[in-house]
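What follows is a set of structures for review.
Consider the two complexes below, in which chain A is the common component and chain B and chain C are the respective partners.
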Partner chain A sequence: MSSPVPVVEVEDLRVTLRRGQAEVEAVRGVSLTVGRGEIVGIVGESGSGKSVLGLSLMALLPAAARPVVTGRIRILGTDMVGTTATADRLVRKKHIGAVFQDPMTSLDPTMTIGNQLAEVTSNRREVVRLLTDVGIADPETRLGAFPHQLSGGLRQRVMIALSLARNPSLIIADEPTTALDVTVQAQILQLLLDLRESRGCSVVFVTHDLGVAAQICDRIAVMYQGRIVESGDVDTVLGRPEHDYTKGLLASRIDLTTPRDRPILSAHGAGSGDALPAVWPAVVPGAPAVTIADARRTFSTGPFWKRRQLEAVRGVTLEIGQGESMALVGESGCGKSTLLRLVAGLDTPTSGSVTVAGDTGPQMIFQDAGSSLTPWLTVGELLGERLSAAVPGIRKPEADRRIAETLERVGLPAEVSRVKGASLSGGQRQRVAIARAVIVPPTVLLCDEPTSALDVSLAATVLNLLGRLRRELGMSVLFVTHDLAAARIIADRIAVMNHGRIVELGDAETVCASPTNDYTAALLSAIPGRELRQSHAAEHGDHSEERRA
Partner chain B sequence: MSVIERPTTGRAATKWMRMTGWRSHTAGVDAAGLVALALLVLVALLAPVIAPYSPILRAGEAFLPPGSPGHLLGTDGVGYDILSRMLFGLRSSIASAAIVITSGVIIGGIVGLLAGSIGGWVDNGLMRLTDLFLAFPGIVIAMTVAAALGASFSSALIGVAVVWWPMYARLVRGEVRSWAARPHLEAAVLAGVPWSRRVRRHLLPGVTSTVVVTASLDVGGLVVAMSGLSFIGLGSPAPAPELGSMAAQGMEYLLQFWWIPILPGLGVLLLALVANLAGDAVRDLLSRR
Partner chain C sequence: MIMFVIRRIASMLAVLLALTIALFTLQELSGVDPARAYVGANASAEALERTRVQLGLDQPAIVRYFDYLGGLLHGDLQNSLRTRTPVADGLSTAFPATIELALWALGLALVLGSIFAVLTVVRWKGAGVVRVVLLSGASAPTFLLTMLGLLFFYGQLGLLPSGGRSSYGSTSPGPTGLFVLDGLLAGRVDVATDAIWHLILPAACVAISPAVAIGRVLVDGLRINLVSDHARTARAAGMPEGLVMLRHAVRNSLGATLSMIGIQAGLLLGGLVVVEKIVSWPGVGSYLDKSVQASDFPGIAGVALLLGVTYVVLNTLVDLLQVAADRRIALS
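Let's look at the complex of A and B:
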C-alpha cells in the first residue's frame, strides 16, 4: 500500500529549551520528510540537537526545560505542534514506537517483562509472538524475567518488542545500540532491518556513529548546531560529502583502513590545531615494562552459604616492552578492565604476578574523565598534588612552571589550571586527566576506554595526543577498548580477550587483517559501516590530499 | 578558545541570586529564616545586657499579666520577670543545641569517616555499634543517661549527645561510600596522594554540604528534645531559666495565669520554627552550589 502522505513531515522546526536563565536554541529550522518504510538516520555529535529533534517528533520534550516549539511536525498527516498533550499521546499511542539508548533505564525495574508487555497488549499469545519477532529465544520462560536478569542485548530487544506492540508506522530509535557490545549491536541493527521488511514501518534512527548509520539507513541527515547541514541518500552523503562538517566527521572516523603510521587527520574540533608530525616516528620496544605472569583474579559474590566464584581473569601472561603500546580488546565482562586494575595496582591478583618496572609506577586515565577529577579541586591543585607526591619537596614556582608546561603539552591553555573540571568540556577534561597522568612521565600509561564517551572528532584528537605523548615521553601504553579500529590505531600489538583469557595476541595490523581466532574474526565482522568503507575506499586517498592542503 | 564558562549577563539582583544559588521563589522565605535566626542568636548572646531583671531574683509581684508596667511579659508564680527568664532560657536552648550538634557532627563524623573509608571489619564493627544506639528509642536513652548523671544542664547535654551522633555516623558513612566509589579517588590513589590527604581533600569536602544541611535542619528538633528533657525535670534544677522547665513549673497555673506556661512554650515553638526555616535556607543555598 503506497500512501501519498509521508510518515513524518517536519517543516522549519525550531525548539528552544531553557536551563535556569539560559536559553538554548537546540533545533534551528529543521525540515525533514520520512517516507513509508524508510529508515532515516539523524547523525551528529553531542549537542547537535539530534536527540531534541527525536524527542520533538514524539512530543516528549522535557517539560522542565519549558520547551518552545515552532514550525510544523506532522505524523501521518496529524499535527504535533501546538496541540494538547492528550492529542499528542493519542498519536504516539497509535503511530509511534520508541527505543532509547539505555533499556535498563527505560524498562521498569520492578515489573517482569511479561507484565510490561501486557500493559500494551493484554493478549498473552500476542506478547509471546512479539518476543519471538524480536528474536528472543524461548519467550515463554523469559516472560517472568525482570529487566536486570537480562543481558543488554536482550533488554534492547524487549524494548523494541514494546515499541512494536501497537504496530506503529514509525519507530524512533535514539542511539539504540550505543550501550551495546559490537557483536550485539550488529544483531540489533539486523533486527531493525528485518522488522522494516516484515512490518513496513519507518524508522528514524538517531546516532553519532556514521558506521552504524551507513549500515542501516536509506537516507541520512547530518545535524550540526541545530541545523541539518547535509541530507540525502546514504551513499551520496557519506561517499561524496558536500559540507565541511560532514567531511570532518568522516575524516575523524576511525575504521580498519585508517592509516596507522600517521596521526588521524581530523578536520575540525577542539585540539585539531595540535602540532603533530606528518608521520609517527617508529618505536623500538625496550626491556619489559610490564610483566604479567599467569595472573588470575577471582571474585566471590553472594552470601557465605551460597558463595559463588566469578573468575574475571583466568591466567593471563603478557609482556609489554618499554615504549610499546598494547591494546587489550574485548567485549563487556571479558575481564579486560579487571586486568587493567591489576596492572594499576588498584587490585591484587588472586594468583600469579603483575610487575611494573621503574619507580614512577603506572598512571591511569579513565573512561569518564569528568568523574576522575575531584569536583571541588582546580586543575592546578590536582596536577600540583601529583607533582608533589612524585617529586617530594618541589618548590611552588617550579611546580607552577611544570604544570603550565604539561598543560601546554596536552594542548590546553595555562589558565585551565585555575578552573575546576566541571567548567571544562568533555574533551578538555580528558586532556586534564592525561596531563595529570603524564606530568611525571610514568613507566606505563593505562587507558580505560578513554575515547568511548567522546564524539568521533574528539576521540580522534585524544588518540593523536596519546600517540604523540607516548613517543615524546617514551611511555608504554596499555589501552583497554572494545573498539578494534581504535586499538589498531593506538597500539603496536593487540591482545584480544574473551572470558578472562587472551585468545589472540599479535601485531595490530596482522590481528585486524588476518585474525586466527574465531572470536576475533567475529568482533571484526561486527564492526558497523563496512559498506561505508567499501564505497569510501576509493575516496580515501584524495581525502588526505585535501586536508594536507 | 574559551575555557571558562562565564555566567551570562543579567540584572544585578538575579545575578547575585544565581551566584549564591538562591531560587527566586523561596529566596524570600530563606532570607527571612536566616535573618530571624541571626536575630534570635543575637538576642540570646546579649541576654545579660538587654534583660531588664535578673532571671533568678524576684523582680516584683507574682502573677502579673503580660503588659504590666515594667514587666512586658508579666511575672510568674514566684515573681520572676518572665521576659528576662525567657531571654536566658533562649540562650541556654541555643547554646545546648550548638553543643550537641557540634559534638554529634564530630563524633558521628569521625565514626562515619573511619567506617566508610577503611571499610571491612572496622566498618562492620562501627556500624553495628551505631545500629545498637539507633535501635533504642533516642529520648529514652537520653533520659536514662541524664537521670543517671543527676539533673543538671550538662547531664542533659550528655544525654542528648549520646543519642544524637549515630545519625551523623550513618549519614557520613553513606556519603563517604558513595564518593569513594567514584574514580576520582582511585585517580588520587594512583597519583600517589597519601591516605590522610585523600580523606581530607578528596573525600571530606564532598561530605560537608550534606552534613551541614542535616545539622542545620536538626537544630529545631534538638531545641524541642532539650526542652522536653528540661520539662520532665532532667535539665538544670530550679530556678535556672530554661524554657522547658519554665513551662513545666507553670503548668499548675495554666487555667488562671495562662501566660506563665504558654509563653515559654511559644518561645520553644518560635525557636524551633525559625531554626527549621534557617535549615531549609542552608539546604537551598548548598543544593545549588
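Let's look at the complex of A and C:
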C-alpha cells in the first residue's frame, strides 16, 4: 500500500488559537505521515489538540479563533500552510472528504439529503450510487427525506456518502461514532473499513475512544497537550504502551474485564483529591427505595383526527433496594429516559405506579453538566439554593459549613464556591452537579448518562466518586446509560431495556458474562476494541497480582 | 405539503370571517342609525321609516349580517354616508395608491435590511456608518421623518415633489391602478418615472424602521448559520464562501426573518395611514381621515376590512413562504 507521495505529510505543525483574550497553543510541533490506504487514529482527550489537528489538515480552523499556523502540511504533495483560501478550498474539493461527530447538525436541516448530495455530485444517478455504496437500502425513496427524518446511523451514512462524493484520497473523520448507539457504531466502523477496502482511500480517524481506535486503525498517534507523545502500529501502542499518558489512558478505560470490587485505577493522577478505599465495602440492599409496578407511559402524537399512540414504557416492574445501585441500559429510544423521568417525578405514568421511599425527593445528575448549572450563579449560590429549598430557614454559617463540607466530599477545593460554572472544566462541572445533588443526601440518586460526555479518565473518576458517595451516604442509585461497561462498574444489578420493556434483569457481572437475552448479547458484542480487551486483560491481571502481593 | 397549504388557506378564510363579524358587530354597537344619517336630520318620520325598509334595516341582525356578507362577496362595501356613493367606488382608486406605496416601502425595507445584514456579517468597514444612519432614521417617528424629508428635499433642494401621487392626474394609464407598473405597461415611461419621484420620499421614510428590524433578525440568523456545523460541512466539501452564505446561511435564516417581515408589514400598513396625510397621498389613509371626520361608519368599516384582508393575506403568504424556505414546518 505504499506510494511515492504520502497522502498526508505533516512536519512540525504548530497552531495557535485565540480563546477569549488568551492565546492557546493547541498544536505544538506535530509531525505525521499517512500513507495511501492507511487508517491512522489520532487519539487523545478533550483539549489534547486532536480535533484542531484534524481541522488543520483541511485548513478549516474557525476564523473567529484567528488561527496562526506554522510548519508544513501537505496533502498529496500540495501545501496547505501559507496558501490562499481558494487554493485550500480546491484541495478540499479534490482530495478530502470530512465526516464530523454529530450528523444531525452537520447536515443542513432545511435541505433534503438528495439536494445536499446533489451539491457535490453531477447527477441523480451518482447520488443514488453513493447512497447504495454506504449501505442505505432503497436509496431512491430516501432522496426526499430531511436529516431529522432519518435515524442517527442513517444520517451518519449520508454524511459519509457526502464525503465520498468526489472520490477523495483522504477522509478525515472527527469522532464520527461518538454520538451513535453502540450497535450502530459497530456498523459505521465496518462501513469505513469496507470503503477503505473498495476505494483505497486513507482515513485520519480522530477519537477519544481507544476501543474504537483499536478496532479500525492501522496506526495510532496518541496526543497529549498538543503533542504526539507516542505513535506506531496499533498493536504496539496499545499492547505495549511506553509513554505514561498512554498507559494512563489504557488504565482508566473501562471495559468488561475491569475489576468491579475496587475503584478504577487511573495512572496519571486523575483520581487525586478523592480518598478512595482499596476495595469497595460490600453493600447490603435494604427495604425497597424505589418500587415500579407495571408502569406504562404512552404519548399521543399527531393531530386529533389521526392520533397515534407511542408507547415509550410498556409495563415495567422493578424494585431498587435502599443503598442498591441499579443500571438501566439500552439504546436511544428504548424508553430508559422516560422511565427515569417517571422515577424523578417529572412525569406520571399512564397506568401502573412508581413509588419512591423517603422524605427527600430523588435528585438528578445529567449528561451535560455544563448546561445544567445556571450560568449566572456561583457554585456556592447553586448549592445554597438547593440547601435552603430542602432545609427551610437554614442559617448562613451553617449553610456555608455544609457547602464547604460537600465540596470537599466531591473532591473540589473550597474556593470553587465563589466561581461560576463557565470557568470550571468539564470534570469539575460534573462534580459540582453531583455536589448539588448530594448536599442534602437523597434517598435515590438518578444519573442520566453522567459519564458519556466525559473523557475516559474523567469518566473513571466520576464513576469512582459516585461509587464512594453512594456507599458513604447510603443512597440508592438509578444509573441510565447506553454503556454496558460503565453499567457493570457502577451497578449491583443491570436492567436491559428494549422497546419499552425490560428484557433482562440480573446481577451486573452475570448479565455481562452470560447474557440470556439476544438483545443483551448483541449490545455486548458491539462494544468496540475486543482485541484491545484481550491484551488489556493480561495487563490487568498483572496489576491485580501486584496489588494482592 | 398540499394539506398544509389547504389548512393555511382555510384558517385564513376563518380569520376573515371573524373579521366581518367583528366589523358588523361594531357597526351595530356604534349607535349610528344609517337610515337617519341617510335621510338627514330634518326628514319626516315617514321618510325615515321608508328608508329603513328600503335599506333592509327592519330585518333581524342575523339576516342583515348575511346580507352584508353576501354584499361583500360581490364587492359591495355599503354606501358611504359622506358621499352617498358606494364605499367600494371610493376605495377603488385609494386602495391601489396605498398598495403601491406599501409595496415600494416593503421592497425598500427588504433591500436596505439585507444590505445592512450582509455588510455587517462580512465585517465590511463601512458597515458601522450604514448602521448609524439606519438606526438614527429608525429612532425618529415616521411622521416627523417624513415632514423633515419634505422640508429638506422639497423645501430646500426642490428635488422631490411636495406630495401627491402623480403630476399626470389621478387616473392611472393602465389596469392595475399602480402608476409605475401601468406607466410601463402603457409605454408611458414619463408617467412611471414621475410616479417613482413621488414614491421615493414617503416609501423611504416608512421603510427605515422595518429595514432595521428585518436586518437585525437576518444578521443573527446569518451569524449563527455561518459558524454552524452544516456550513463547516459545506466548506469541507470545497464549496466557495459565497455559496455557503447563499445556500446554507441565508436559507436557514429565512424562517425568523420572514416572521419579522410579516410583523413589520402589518405595522407598515398602519404607519402609512399617517404618512399619507402628510404627503397628500390619495390612499386609504386619506380616505379614512375624511370618513372619520364625517362619522361615516361604512367608510371606516370598508377601510378596516380592506386593511384587515391585506394583513391576513400577507401573513398567510409569509407562512407559505416560510414553508417554501423550510419544508420541515409542513411535515411536523
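Definition applied: the second predicted complex is superposed on the first by the 534 of 549 C-alpha atoms of A that agree within 3 Å, B and C clash if a C-alpha of one lies under 4 Å from a C-alpha of the other, contacts with A are read in each partner's own complex, and residues count from 1 in each chain.
Going forward, contacts are C-beta pairs under 8 Å (C-beta built on N, C-alpha and C of every residue); 3 or more make two chains touch, one makes a residue touch a chain.
Nothing here was measured: the structure is a model prediction, and the numbers come from that model.
**Student:** Would you check which partner chain A:R196 touches, where first means chain B only, second means chain C only, and both and neither mean what they say?
**Tutor:** Neither: A:R196 stays clear of chain B and chain C.
**Student:** Counting only touches as set out at the top, which of chain B and chain C does A:L424 meet: first, second, both, neither?
**Tutor:** So A:L424 only meets chain B here.
**Student:** With both complexes superposed on chain A, which partner does A:R470 reach: first (chain B), second (chain C), both or neither?
**Tutor:** neither
**Student:** One more residue to check, A:P375. First (chain B), second (chain C), both or neither?
**Tutor:** First partner only.
**Student:** Which partner does A:E415 reach: the first (chain B), the second (chain C), both, or neither?
**Tutor:** first
**Student:** What is the shared patch of chain A, the residues that chain B and chain C both contact?
**Tutor:** Shared contact residues on chain A: none.
**Student:** Within the complex, which stretch of chain A touches chain B?
**Tutor:** Residue positions touching the partner: 20-22, 270, 344-346, 361-364, 366, 368, 371-377, 382, 385-386, 389-390, 412-413, 415-416, 419, 423-424, 428, 433, 436.
**Student:** Help me check something: in the complex, which residues belonging to chain A touch chain C?
**Tutor:** 58, 60, 62, 64, 85-86, 89-94, 96-98, 100, 102, 105-112, 119-120, 146, 148-149, 159, 162-163, 165-166, 172
**Student:** Contact residues on chain C for chain A in the complex?
**Tutor:** Its residues touching chain A are 227-230, 232-241, 247-248, 251-252, 325-328, 331.
**Student:** Where on chain B does chain A make contact in their complex?
**Tutor:** Going by the criterion above, the answer is residues 1, 3-5, 8, 10, 14, 18, 182-184, 186-194, 197, 201-202, 205-206.
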